[in-house]
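To keep things clear, I will list the structure first and then write my remarks on it.
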Amino acid sequence: MTPRRAELPLGGDATRRFIPLIVGAMVYLAALALAGTFALDGTVQQWSDSLRGALTVQLPGVAQDPEGEEAKARIDAAVGLLLETTGVLSASALPYAQSQALLEPWLGAGDLPADLPIPIIVDVSVDTGARINYEDLGQRLEEVVPGARINDNGVFLSRLVTLARAVQLVGLVVVFIVAVAAVSIVVFATRAGMTSHRDTIELLHLIGARDNYIARRFVTHALSYGLAGGLLGLALAVVTLAALALAARGVDQTLLPRLSLDLTAWVALLCVPIASALIAMITARVTVLRALRRLP
Amino acid sequence: MTPRRAELPLGGDATRRFIPLIVGAMVYLAALALAGTFALDGTVQQWSDSLRGALTVQLPGVAQDPEGEEAKARIDAAVGLLLETTGVLSASALPYAQSQALLEPWLGAGDLPADLPIPIIVDVSVDTGARINYEDLGQRLEEVVPGARINDNGVFLSRLVTLARAVQLVGLVVVFIVAVAAVSIVVFATRAGMTSHRDTIELLHLIGARDNYIARRFVTHALSYGLAGGLLGLALAVVTLAALALAARGVDQTLLPRLSLDLTAWVALLCVPIASALIAMITARVTVLRALRRLP
Amino acid sequence: MVRFENVGKRYGHGPEVLRDLTFRLTPGSFHFLTGPSGAGKTTLLKLMYLAQRPSRGEIEMFGQDIGKTRRRDLPPFRRRIGVVFQDFRLLDHLTALENVALPLRIAGARRERIEAHVSELLAWVGLAGQINARPPTLSDGEKQRVAIARAVIGRPNLLLADEPTGNIDLAQGLRILHLFEELNKIGTTVVIATHDRSLISTFGRPELRLGNGELTVHKAPSVIVDEDPGGDAADADDGRSA
Amino acid sequence: MVRFENVGKRYGHGPEVLRDLTFRLTPGSFHFLTGPSGAGKTTLLKLMYLAQRPSRGEIEMFGQDIGKTRRRDLPPFRRRIGVVFQDFRLLDHLTALENVALPLRIAGARRERIEAHVSELLAWVGLAGQINARPPTLSDGEKQRVAIARAVIGRPNLLLADEPTGNIDLAQGLRILHLFEELNKIGTTVVIATHDRSLISTFGRPELRLGNGELTVHKAPSVIVDEDPGGDAADADDGRSA
């Protein structure tokens, strides 16, 4: 007894070797792009949060009487102006002790001489959505309190958030393009399979095989290479991410993306090969059935 | 007179529509990865350069006599220890005036009170390759000059360089994987083309066509879709990079990659579609000729 | 069994290859189909094995109007028709045995039953030694005999053969025709398109002759060319029609 | 022209299909090739049109030992041989005219010269109206005639035809054979494999008969079955051999 052989020998040579490789590459790229997008997401959140307090305005301090009337007047003028500005949510000066503490890294802990004009720091929280014209604001502050300066850390950070969002968008575009490429590959492979087996398909149709009977072979074939390629790509991606995480040890700080992914991200990554298998399967089925419908 | 029609109608349906799309996607991804790698390269260079002077050691200043014997002794002790450390290339204290200037952002320009102990800053340049144990060094410094602190900006930066290099490596891995995927696609498309035209190829062979005559059609076909896909992908990539550059306006600063690419990078990007066309062409030629050699 | 009424067939915008064909094949009849090259013999067979739909007119197969049958209801009809294609249409990656077994497999038959049955039939057409050979390794005459075995393995109600002896010599051709006659005796309706006049004269069966797109019948006891399209066709129905 | 010496051919590890064939075809000869189905007729023709290499023995074509010829030097030989394949092998995406023109195109002929010449030949085989039809829209007899036209268009030195009249009726078959005779008169060596005894008897040409892997010649004025393999073969050479 001979083993039951398939009427449609789809696992032929070229498909068996190359398609899983190509699908694997697509899944790898999609997984990396996704991981990058997720990693950035955590950081951007962090940045956005810190943005609310990141804008500071520095006023010249009063040397001998750091908490006297003169200092208060300067603070009131600046805070008043700031609160009038659209986009500013709140503004208040740091207590003298805290301003002093900020200088410690430079001057060391210990009593500072009384004639040192410790600058006054005004903490401002802004609406991250509002587009504040910082140059204009700086000029107006200078008018009410000569010597006032905007610490543009917040400006920098808000631009950084914009950039990070743009990079995330590119990540999603990459995922989308990779998905389009993967679908194209499956359609192409399925069409190529149908073309090279057109005679077989036509014969099966003529001797009474149903469309589903014929499509089934293509679908299971696509499922298998979609899954194989997906797992290959995911494995590669996990290795890459682990290597990156290793390289990032110790850099996990203020500005840089947290490269350790959270649970959601990992679940999303695990979904990529499943998605690739499903995409392959559905694409193959649609492609085959549509082509078969042309037969009488 | 009918127009001269090709014996091998390779531009059929599936190839004409999908292959340029897929190749375009590959080129897009390769171009992005390349651009990222190049962009990082400039920054990493910048960082590496600044690393050489980025490590600073801060010694407690002497309040009334900032340039006297006491200060000199502290400097000599710290510099001596540093120069003994492997990996340290040079170490020297900043002149008093410069240290003072560093405080200006905080204390404003103007005469500082004489009883302010302006810290002494020792500029250290290190071999970026050497792995210095900064914690150990910090402790030893504290022993010879109590109150001495290593400014760990450099440590942070050197780890950042490691990470950036790792990201660049991933970028190159991506380019490599994309290239492998592209070659696979071309091989697959060529094989599929040969399979679906196997009868035509065999007939041409039997009536005396040379291998080159048959291969030529496949080669020009691959060249055309390699080029078309390459240009499509490059166009997309340029649009994406332009959008990113727009988003990055104003962030071009200390820590972040310069996202504007230099001439070399642009030339490299322009080479991507050319490379894709050449890869497609050569792959197709090798694939076809190898298969044809099996015919008698 | 088969009833054509005013059937016309044109390909695309070309001329009508078949014009106003009106005839019936009664169950259990046996006909040759002749006509010069390009007369439309293959086209007529294609209409019967449901590979082409007519441009106009009405075709009734097994008592059912094919024009009104939905596409997905056609496969069961196709399984009741055995076809020997002019170009064989064997599957190159399957052995002779698997090729012949194909109609049974598609119909969902059990494997054990298939094997014995198929081997026996292959031996009958003189291919006992080539049961496991693949079509590319067979000579054309051998391929043709595999194609014939595949057409008859399912004991079809209707057997259509297009030039089934074009690649085999007269002795073997006669043997094949005798096989068809056996099937015919147990109820299969047979139509054989051929150029081979010696075959036709040897078997003395009625001849459907195609020419200029029209059909004429010669010595036709079992076929009725219906000049009156309104005539009752019920008597032509196959009792086994689904 | 063609000289076989102790040629044997087996496929893979199978039995020898052809055994110890030793014969010569002189330039301008005309032979039928016969034998039962599976005897090796197609195999013998394949050896001659260089689609198969012999398992053993020596084949000389146009005065050159094929076994010693490098693969890339074979195309010019193939261009001197016209073949009518048993399965036609037309290119489905080209018109009848383009199919027939193919050998001229591959040989690099000028386009204007091709067109007129090809149209004329297609008219001769009765396909004047189907010059721009593609093979899938042709009947099998029509396809066969296109295949024949393609084989003869290049005025080959050697014409090999495998069952060239299997799908056309006798009248048209005779017409085709007359065409082959015309070619033969202007110097083409012709070998025609066929089952059709009426064709053979009509033309009364010598017959190469294959059976049990061996070749026998009947009524053979222009073929020499060489019992002495050492015999001088120079007289069989084609004057035009490259």
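Going by the order they are written in, the chains are A, B, C and D; count residues from 1 in each one.
By definition in this document, a contact is a pair of C-beta atoms (placed from the backbone, for glycine too) under 8 Å apart; a residue touches a chain by one contact, two chains touch by 3 or more.
Computed from a predicted model, the values in this text were never measured in an experiment.
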Counting only C-beta pairs in contact, which chains form the busiest pair?
A-B
Which chain has its C-alpha centre farthest away from the C-alpha centre of chain C?
B
Can you work out the whole-Å distance between the CA centroids of chain C and chain D?
32
On a C-alpha centroid basis, what's the spacing between chain B and chain C, in Å?
69
Could you put a whole-Å number on the gap between the CA centroids of chain B and chain D?
64
Touching two or more other chains - residue numbers and ranges from chain D:
none
Overlap residues in chain B, where contacts from two or more other chains coincide
none
Quick check of your reading of the touch definition: is the inter-chain graph here a line, ring, star, complete or other?
ring
If I apply the definition of touch given earlier, which pairs of chains qualify?
A-B, A-C, B-D, C-D
Residue set of chain A touching chain C in the complex reads 1-2, 4-5, 7, 9, 199-200, 202-204, 206-211, 213, 293, 296
Can you list the residues on chain D that touch chain B in the complex?
49-53, 71-72, 74-79, 83, 89, 91, 93-95, 97-98, 102-103, 105-107, 111, 115, 132, 150
In the complex of these two chains, what residues of chain A are touching chain B?
12-15, 18-19, 21-22, 25-26, 28-29, 32, 60-61, 102-103, 106-108, 110, 112-113, 115-119, 147, 155-156, 159-160, 162-163, 165-167, 170, 173-174, 177-178, 180-181, 184-185, 187-189, 191-192, 195-196, 236, 240, 243-244, 246-251, 253, 255-256
Note: in the complex, chain C contacts chain D through residues 11, 14, 36-42, 86-87, 137-142, 145, 163, 166-170, 172, 195, 197
